[in-house]
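Pasting a structure here, questions to come.
The first chain written gets the first letter, and so on, giving A, B, C and D; residue counts start at 1 in each chain.
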Amino acid sequence: MGSNSFGTLFRMTSWGESHGSSIGCVIDGCPAGVELSGEDIQRALNARLPGRNSLVSARKEKDQVEILSGVFEGITTGCPIALLINNEDQDSSKYEPIKELLRPGHANFTYLQKYGIFDFRGGGRASARETACRVAAGAVAEKLLDTVGVKVVSYLKACGSYSSIEQAQMGDAVVRPLLFCLTNSDEEEMQAEIEKAKDAGDSVGGVVECVAFNVPVGLGDPIFEKVEAKLASAMMSLPAAKAFEIGDGIVAAQLLGSQHNDLFCSQDGKISCSTNHAGGVLGGITNGMPLIVRTHFKPASSIQKEQATVDMTGKTQKLVYPEGSRHDPCVAIRAVPVCKAMSLLVLADCYLMNLHASVKVKELFLK
Amino acid sequence: MGSNSFGTLFRMTSWGESHGSSIGCVIDGCPAGVELSGEDIQRALNARLPGRNSLVSARKEKDQVEILSGVFEGITTGCPIALLINNEDQDSSKYEPIKELLRPGHANFTYLQKYGIFDFRGGGRASARETACRVAAGAVAEKLLDTVGVKVVSYLKACGSYSSIEQAQMGDAVVRPLLFCLTNSDEEEMQAEIEKAKDAGDSVGGVVECVAFNVPVGLGDPIFEKVEAKLASAMMSLPAAKAFEIGDGIVAAQLLGSQHNDLFCSQDGKISCSTNHAGGVLGGITNGMPLIVRTHFKPASSIQKEQATVDMTGKTQKLVYPEGSRHDPCVAIRAVPVCKAMSLLVLADCYLMNLHASVKVKELFLK
Amino acid sequence: MGSNSFGTLFRMTSWGESHGSSIGCVIDGCPAGVELSGEDIQRALNARLPGRNSLVSARKEKDQVEILSGVFEGITTGCPIALLINNEDQDSSKYEPIKELLRPGHANFTYLQKYGIFDFRGGGRASARETACRVAAGAVAEKLLDTVGVKVVSYLKACGSYSSIEQAQMGDAVVRPLLFCLTNSDEEEMQAEIEKAKDAGDSVGGVVECVAFNVPVGLGDPIFEKVEAKLASAMMSLPAAKAFEIGDGIVAAQLLGSQHNDLFCSQDGKISCSTNHAGGVLGGITNGMPLIVRTHFKPASSIQKEQATVDMTGKTQKLVYPEGSRHDPCVAIRAVPVCKAMSLLVLADCYLMNLHASVKVKELFLK
Amino acid sequence: MGSNSFGTLFRMTSWGESHGSSIGCVIDGCPAGVELSGEDIQRALNARLPGRNSLVSARKEKDQVEILSGVFEGITTGCPIALLINNEDQDSSKYEPIKELLRPGHANFTYLQKYGIFDFRGGGRASARETACRVAAGAVAEKLLDTVGVKVVSYLKACGSYSSIEQAQMGDAVVRPLLFCLTNSDEEEMQAEIEKAKDAGDSVGGVVECVAFNVPVGLGDPIFEKVEAKLASAMMSLPAAKAFEIGDGIVAAQLLGSQHNDLFCSQDGKISCSTNHAGGVLGGITNGMPLIVRTHFKPASSIQKEQATVDMTGKTQKLVYPEGSRHDPCVAIRAVPVCKAMSLLVLADCYLMNLHASVKVKELFLK
């Protein structure tokens, strides 16, 4: 089974290398009848663009998306939706001088060992460039989930030594385009962290938090397709992801049961929880509370500082990235829209999976 | 696609409820030619047994496993391996008086919403009892991986407010049966944490660390089947899991690139890394360093303290578990062998997947 | 991915060898809320029993099925349904003297080449015994499909040189237990064919036809999951199956378009076809007409006549099955309930898959 | 799970409509290290081209394929291979006048019922145009299989009332480009059948036979992934396919066991069969004999003759395809290269699946 597909019923298959002619994806399983335009997808892609400001990679891409199939007169047809994005600024000359060197924190060593061949230009397939396809597919999932009211918000929660105490509330629009922070003061603090690292020729890690609101109760399938397992897999498949949390996450392991348990309450006949330590899940199934996850990203592996390494033959070498190499000082920034996309893809899949949990759906479906 | 199967090529399908007559699993995809006996599996199950001591559930189960198929004269045949474990101590009388109550931290609310029906006895399918099947299947994976030298060690890393600074080294045998700690002093500290919680009618969280040694370079499939994504999915599918880390994990997000990058070095023609912040992966593919992951578990949801809740109709109620109810004060203890099993299942699957990464295997395979 | 599972959403995983202690299966993905009892399954299994009369294998099995999980108080819970059938008459002594011989038409040669090991007793996994699990799982599918009115009828259509001209009509009960024929005269003719072969120490082939009535329009998913592709895969996975047809089948290839096209007509506002050459499908999707498929089975490979063969070392040998060996003179007879089961499994899966073809289901599902 | 993907390990995902801007596919799971160029794929596509002669559709397409990813310096990298084919002659004006009519034998009725929307232009997704992607992907599979010597030959076996008695032998090159027949006399007879139908404004059915030589022993996975089940699914997923046979196929059901059994023999230490009634499989696993399958295609549904039908509202109408509509008088002709492609896709997948049948491969794989 190919490893470039994600999802069971709402399934996207991604392809393309950092410095090939184009990248793209195919979304198979999107129900018919969803309104979808190129602009819907473009809007999401624009948030992830490189070259937007000095704190992200200088690579210039417009990421203009083209819908090649699966949409007829503005409506999805149930047929696979193919999306294409041309690579425009795929200058790989910077990689030529270092193509024999193993790059610390990068995948050229492991790809070479596994496949016996590696497209060294910009990391080939092992590049953050592939995340553009996730964002494009996520935008399609968002249109599907819009029909049932689900909203996902994503933002930079922490960076280097600074961590925000804010959490998104329903209706929050995260419009700060520089770093996707929830507040201005968060942005200032994190900007300082990033600039300090960048000025030192270094990079810095960060944390992205995603909150999904209006999630129907019942999404997620025990045992192995628990919603938190699918979200963990989704987030940990992102380049540079090193940890995943749901709800209280790592703090939960330090609590007592009486502190962590969310008590049930009832208002106007609707049962919910009075707190949300669990982060929106019970037994792997959504409980109607906001679904809250965090993903921790390591600092970008490409730094300006000289690093000791070896070449493919094992000979000791020094790695210095050529002048003008284009790297993100903090990959977590551009991971913000990508984490949102992954949440959407998981929820769209869980939503479709849930339609056959019980025969009750049948009673509604068939007149 | 059923949600009770795990793995792609080395695939286990699990079934059974806490208080049914039996539980079991089917392992499909184990290659022919692996030596396998019931004792191999029993040994692993015995480590997970409830009723072993006062710090785990008092339920008495022998977890005697029976191999029903797939093994002929002590050797796997390539046919599905069915394993059966009888439930012997499935006393569900304690659940009768509380069967109408929503239990904080438990899944009866979400199961009822999703399926319209719930086997309330001992949590039904949403019970840690199902993890016995994971351990049994993991023992089969271990036999397969034994043939290539992979060793997985698992231990209790933290509990409540105490966290150990130890990390397993190759050859460590984790024989402390009480809590599966690496050292006696760790055990004493964690035992104190658990007993304190238990005495207060409460429960406490904990962290399990798994280290895999001798992992071949090249396991894991980009993009969505990265080894860390599969491990995250595996661990986060465990009851009570709330966070997952690989390598430096959450700490990585607070580091600079120059601190986190593992530099390549070479000794006797063999390339490796001089440090292991990454935890054994690069680009989703194992790099030959020990594979290190941690899973964080919440405190058990069942506590002796009285809790406010509602019943199925939404009416306010008090939940007090009946005298003699059998619960784990710290689910992380018994999660130790389960996490090991999940690591083994992931690695067995990745190992088989890797056999067709390159046509080079063909040159060896066909005479 | 294991090869012992069938179906995507309604998914059964089968295990067990002809002469092991038991066989069984796990059904994962059956929606909650379906009424299901052991008798529902037993009834289906009884039709497939060996030892019923002189025209099928003399092996004595009661095929008593046990539901081990997934049903609570007579209702499916959405959890995996495990079924167990004990083998009672697994006398393998007859296989000892011939265990080194390659048996013409049998799989011991290919299993040995593929796996390097073979459970020679009764064919091991490569035995019609495994079809009992298909019948058991099919009975569960039938209960699900009952809720929407689908009915499947299956019968022996041809045997040796005799072919019936009958086709089942809605409401036909195929109660002739000897050979599952539609009419008495069909039964007499086919019985003569089988007895002639049996008396000559030989075996004979046959054809099974399945008709599904009340199939909802819209089942089947283009491109690769067309309903006829899934049915073909289902039927051709049966032991001894050599050909598959839908609708006019092989005759269709000899017709003109003007002869084969089913014209659309309309009655009381309901659109249907005036003929059914297509056999109930258009473009891989059911069109509401009866779904008609035929499966052609080779004569059983085990015959009483002496056959030339070689042993595992390649040395020329004579194969004579030991006195008292138990074989079916016409495997197509007992394939009748099995083909029905496979149809049911396919339709149950297609039915669930179809619930998310369009967002229209959502409008009904969510209040 | 999407329905537009085929294969488990060697997996292709297809997209695109008859009259969209382009069609294409993604091949995920092709091992690294296979030599692959655009010409390899183009050669296969050229055989399937419409507009080649008066006996196939007059649509003019060059089917120029572009490799967008997965190949670096002429070698596959293990990353997904995306292929793109532009549609150049997608004139849909002919479909405008009939877009409200249900077309006999076509899928617009069922698509509309299932999805609530249908891209009427040229059949949208339900068009033989999608088979170009299968041919392209098949060409990649062919390159992989080349490395182990497998050869697949495909040809028109029967057409209308004429059926050839020839069967391909190893080394046969089927170069007759008009109809892909094995001999000149076959071609003459079949040409007469097709022209007779065409002249009458009608269409005619046909049969395609595929033979695979040098297939390694051991391909195919019991129980549900038997090689004949996968081939049946592959072929029956083709537009217009109505029946599938392997080996003696439907004739097998009329034979006695003593006639059908292939006896084992041995020559120079190599065990094989002295006949090949089974068509190259035993127990679902290839036995080293040529793998022989036949697929039966109905006559094309689009004919020039007037046909009675109804429109979407159920009102009685007459369907006459507009002057200049482009249809195949015999779809079986262009199905010849498509059937070959499907065989190749199945065999490539089975070949990769077989690499982990036994731990013996490990002993070879790891030094």
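The rule we apply is simple: a contact is a pair of C-beta atoms (placed from the backbone, for glycine too) under 8 Å apart; a residue touches a chain by one contact, two chains touch by 3 or more.
As the structure is a prediction and not an experimental result, all values here were calculated from the model.
K.L.:
Can you list every chain in contact with both subunit A and subunit B?
P.N.:
C, D
K.L.:
Averaging each chain's C-alpha atoms to get its centre, pick out the one most distant from subunit C.
P.N.:
It is A whose centre lies farthest from that of subunit C.
K.L.:
Centroid from C-alpha atoms only, then distance subunit A to subunit D, rounded to Å. What do you get?
P.N.:
Comparing mean C-alpha positions, subunit D is 38 Å from subunit A.
K.L.:
Taking each chain's centre as the mean position of its Cα atoms, how many Å separate subunit C from subunit D?
P.N.:
The answer is 26 Å.
K.L.:
Report the inter-chain centroid distance for subunit A and subunit C in whole angstrom, where each centroid is the mean of the CA atoms.
P.N.:
44
K.L.:
By the touch rule stated above, which residues of subunit D touch at least two different other chains?
P.N.:
Answer for subunit D, listing residues that touch two or more other chains: 1, 3-5, 8-9, 14, 29, 32-33, 78-79, 111, 114-116, 125, 222, 357-358, 360.
K.L.:
Quick check: in the complex, which residue numbers of subunit D touch subunit B?
P.N.:
Residues 1, 9, 29, 31-34, 78-79, 144, 147-148, 216, 222, 352, 355-362, 364-366.
K.L.:
Mind listing the subunit D positions that touch subunit A in their complex?
P.N.:
These residues of subunit D touch subunit A: 1-5, 8-9, 11, 13-17, 20-24, 26, 28-29, 32-33, 68-70, 72, 75, 77-82, 84, 111, 114-119, 124-125.
K.L.:
Quick one: which bits of subunit B touch subunit A in the complex? Just the residue numbers, please.
P.N.:
It is residues 1, 3-6, 8, 14, 102, 104-107, 109-111, 113-116, 125-126, 130, 158, 160-161, 197, 200, 202-207, 217-218, 221-226, 228-237, 239, 241-250, 252-266, 269-271, 277-279, 281-287, 296-303, 305, 307-310, 314-316, 332, 353-354, 357-358, 360 of subunit B that touch subunit A.
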